[in-house]
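In what follows, structures are represented as structure tokens.
Both complexes below contain subunit A, partnered by subunit B and then by subunit C.
Moving on, here comes the complex of A and B:
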């Protein structure tokens, strides 16, 4: 188990290095640079700035310098936001995105497992038909539509009662987090519901479930220890990529709900070719996701003993 | 109940195992047929069981009026070809058929005055696992892959006997030892994927007998195993019956297994029992043409005789629309005109040996070679 963990971590480091290199090359292949803004009037100022940021050096040398700084944990200074270090941007805004993302993943996983198990138990009956209809909606309607509609619903609701029950936008309290994280997790929840339903249907009449019944176990115990625990395995497998999709895909929801998350800086940086912020946020997200996938795989080993040996 | 309470309270559960060699069927008789044994009271009496399944093609009448009884400490074998309803019969008793599409339309299974088809929980305890244990055909898929073998055995004891986790775990190791699994303490901590098929079937047997049930239902326990392992599992069942005194209902299509283990035999065909009696009677005084056909179809191991496998011609009847008369009519080489439209009565060939065949009727003219004609005829 220890060797397996170490092996996965080394693989993870290689993956992150690859992400950093690929981003670096892609970023510099885009025409223009952070200094091709409107305010630079003459060549002299431009040359000075290039020298200051090291942009006048050969690309490979820039790459080596950047990688050297990165391994020391320094992502550099933003080009467009004067005197702001990328590390500070991440430190200030990532906790917001992470909180939103984690809540969304929790909603998605719990909801997906619950609804999936429920639809399987009520297969082809009313609860199944209703939930599966909603699942199709959840998968096909994009999150900015759901986000907008939910805000509309919230304002009507608050207007109806005359007091603010749930805030429509902003960030700060737990109440602010509920609706955005539900909206953010919705698509994944719908996807996990479908997955859970099919895997539960496979398990529901499995031989070992019949054995459990023949042992005279109470139905709740059969459901929890024999059906759910086995049906949940495929859901856990996709949970790693799902966490990836949710945390990086939070940008739209953050924008609609005016949440000061990292997603906004991530997208702005690409638009403004802010080299250091692009590199910093991409590498940071990449490392975060690689780590989450490894974590999920390790957890999987605890639930399914057959994986542990490999 | 009082006896059960005493058993539950035992600090050393193993001491409660009944060691009673005189109950071993192989020590009971001197001659080929010992009629006095039939006077044992029935432990489980199944009466007129009917089971149907709704399918897209219509209603399948899988079990049509099956009655049999199991004597305490004895082995009843239910034999018949695939699809004759033998597994459905026992799974209905255990409440294991999926409903819907399955449906038990009538029938009772009395165990100590309680109809276990209607009532699975007696005084807060499920009779499944505690009074009736069951083992299945395919050991590889019959155990939960995400629980250790020891935990799965212990689970039954925790639920039915109220053992603590550590008590149950210790007892699980003992049970694995009883089923001759080497290094039971190590094995109990392993998951099913680390076991071979034969080992897993032993573990499943250990699980089924954990609460010392009165009856063990073995639904084709050796079909998925290779031949040498089959023999070991049968020996194990035999040994456990001698030490615990439990009754066994053995579902099989292997007549060799029947000859080896069974005291009583019920032969099923198309959802009905066509002949039942003691094992000796079924082999030596066979009174139904279907049983005769099954016996003729048994492969012999005499190298001097060069003969192919003698199959029974034809296929079993369509269970969507079972025949009005004898269900074996279409395949029976000795069928009479009467058989087509008239359901055979149940004839008592000798005491407690029954055959549902018109050839046993006193007025039946035919003389069939090999077929035993009872006193009634």
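Moving on, here comes the complex of A and C:
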């Protein structure tokens, strides 16, 4: 177990290093100039700016310096907000994305498992058809449509009651989180429902279930111990990457609901060629994703004793 | 026994079996129990998260768009202000915020006329200027605003170490350009404090529009001891700024919330009616802003697009409009290797261009007006509006004549067909629409093959600077209220003249406009520049941009302006309904 963990962690570090290197190369190959502005400046000023960001050095040297700073946990200064450190940006905005993301994942996982189990039990009957129709809708309708429509729905709801029941946008209280997290988790919930359904269907009439029934076990025990516990494994597997995907993929939801998450920095940095923010957010999210995958693999061993961590 | 048999059989064909069997009904009960447990867990988790989120943000307790009792108005921002350090600021959101919390020597009043700010009176000569500061001007910590604070700010702005994009706005000061190039120390700048309340400025050359420059945001004061005490973090957070304007920033949660409260130390506080200007929403999404307005959470929605216009009109909200002051045109590449360096080709392009069609049929946003000149209609001339004193030469679209010029161009270039023309444009929906309109229009009228080169903002700038285009959709906004802010754009030495247009006559006129202090002479020079640009087809004007907005009718006295902080809520007031 210990050796396995260490091995996975070393693999993880190599993966993160690879992500950082690939991003660095890709970013510097994108044409465009991060220091350009609409009012052009003279050569001296440009040289000063380049020196401040270390852009006056050869690319390989820049890479070495960057990697050195990164291992010390210093991501540098943003290009667009010249007095803000990238570390501060991540520290201030990631908790917001994470809060929203955790809520969305909880919602998605609970919903996915419940709906999935339900559709399997009612296979090919009305509840199954209705839920699966909604699932297809949830997977195929892009989040900016869902987000926009639900926000419009909120204004109508508030107008209907004449008072503000749920806030339309913004951040800061519990009420601000409910609708955005539902919207954010919707796609993942739909995906998990499908996954849960198919894995439940495989289990529902498996040999050991039949054995359990023939032994005369109570149906509750069969459902919880034999069916649900076995069917849930694939869901746990994808949950790690799903958490990472949800916390990073909140750009649209953050935009529509005016939420100060990290997602918008992640996207806008690329549009504005903000080198340090691109690197900082990508490496941070990359490390986060790798960490979640390792965590899920470790948790696996507890849920399914058949999995041996070697 | 029989029932068990059935069970065994249907188990192999898992269709309807589970429903009939007691298992599924129990399972459903289990699911229901689980669902309840999950809901309870969910609520508990949310409570925990809500507590956690309190740690990461200032809680926004909504008071609605307008709160008469507390004198609060609530608004939204399109982006987090990227830079509140006045020496380095370049964008309009930061400019708007800073315009409420800082005050220069002069400022624009609600009617967009220059008014005294920190300076009580002033005297501008041909070789320099003197400003006398008012004694009662205070920083938000109660200390007096002195002439030293201005000198320090200006020296910082031209210091090459600051690397300000707007350093050029000080180039009229003695030695400013040399300091900015690193040739002289910053102390040699032609500005010095004579005592605490008198500011003496020496010019590099005579400047006729200095009073208008002084109102610009880069001219705001910064107090030296405070600046140094922040150790490189000046303006990074609300506590890292010192304010001398009508408001001060009391809350600044990055990306989430900016709150301005009345500055009790402001010398002219009696003129300020609002107590709080709150921006608890930061989003670039126009629909989100409209929904917030519909919900009564914000008082103003700025910059409505053509799509939301129908929706807004259906709601019967009064739509207002104003010109944002920017002019949009084709930059044309005049480098020899580009076909657009040929006059007859440019003339052909000019003759098929129909700005009216572009504005009324393609853009379709009221407030936009067809472009006729590099100089927008709102610019002031000698006595009245510049464009009334010097009307732009009219160009009537004439496709037949354009084709003649095109044939002539082909002969001169020695080609049977004009090679494909590259049209550089932003990747925004608006710019794409315009580029596609021109692609279609030029194909139909002249048979030209237009290749649209759509780029993100920074890349579009980089390509424009490198001259990698034939035509580029380009806009220019004013920095100060004088025709020169547009007039020197196509001087051969101007770095923003991306097409490298060079015309000795135009250069001579720009020099006259820069150096003369006689307004009649200067305006005549601008008139001539306007003519040259059209006659020689140096650029092709497209439109002047307008902005549509809706505003809560209870909010009055909001300043909208083309030069300076916009919108200006500092002198706004609330009327009870």
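Just so we're on the same page, the second predicted complex is superposed on the first by the 306 of 310 C-alpha atoms of A that agree within 3 Å, B and C clash if a C-alpha of one lies under 4 Å from a C-alpha of the other, contacts with A are read in each partner's own complex, and residues count from 1 in each chain.
Please note the rule applied: a contact is a pair of C-beta atoms (placed from the backbone, for glycine too) under 8 Å apart; a residue touches a chain by one contact, two chains touch by 3 or more.
Only a predicted model underlies this, so the values are computations on that prediction, with no experimental measurement involved.
S.K.: With both structures placed on chain A, which of the two partners, subunit B or subunit C, ends up touching more residues of subunit A?
M.R.: C
S.K.: So in the superposed three-chain picture, is A:213 touching just subunit B, just subunit C, both, or none of them (first/second/both/neither)?
M.R.: Both subunit B and subunit C are touched by A:213.
S.K.: Does subunit B (first) or subunit C (second) touch A:230, or do both, or does neither?
M.R.: The first partner, subunit B, only.
S.K.: In the overlay, answer first, second, both or neither for which of subunit B and subunit C A:306 touches.
M.R.: first
S.K.: Name the contact category of A:141: first (subunit B only), second (subunit C only), both, or neither.
M.R.: In the superposition, A:141 touches no partner, neither subunit B nor subunit C.
S.K.: Per the contact definition in the header, classify A:172: touching subunit B only (first), subunit C only (second), both, or neither.
M.R.: second
S.K.: Is A:294 contacted by the first partner subunit B, the second partner subunit C, both or neither?
M.R.: neither
S.K.: Please work out whether A:205 is in contact with subunit B alone, subunit C alone, both, or neither, and reply first, second, both or neither.
M.R.: A:205 contacts both subunit B and subunit C.
S.K.: Taking the contacts subunit A makes with subunit B in one complex and with subunit C in the other, which residues are shared?
M.R.: Residues common to the subunit A contacts of subunit C and of subunit B are 205, 210, 213, 218, listed in rising order.
S.K.: Under the definition above, what is the set of subunit A residues touching subunit B in their complex?
M.R.: Subunit A reaches subunit B through residues 205-208, 210-218, 221, 225-226, 229-230, 233, 303-306.
S.K.: Okay, in this complex, where on subunit C does subunit A touch?
M.R.: 7-8, 11-12, 14-16, 18-19, 22-24, 26-28, 30-31, 34-35, 38, 41-42, 45-47, 49-50, 52-60, 62, 76, 80, 82-83, 85, 88, 90, 160-161, 163-168, 180-182, 232-236, 253-257, 280-285, 287-288, 291-292, 294-297, 455-459, 461-463, 465, 495-496
S.K.: Can you tell me which positions in subunit A touch subunit C when the two form their complex?
M.R.: Touching subunit C: residues 30-34, 36-42, 44-46, 48-49, 52, 80-84, 88-89, 92-93, 95-96, 99, 102-103, 106-107, 110, 114, 117-118, 121-125, 148, 151-152, 154-155, 158-159, 164, 167-174, 176-178, 201, 204-205, 210, 213, 218-220, 222-224, 255-261, 264-265, 271-273 of subunit A.
S.K.: In the complex formed with subunit A, which residues of subunit B make contact?
M.R.: 94-96, 98, 120, 125-130, 133-134, 136, 138, 141-148, 155-156, 159-160, 191, 193, 204, 207-208
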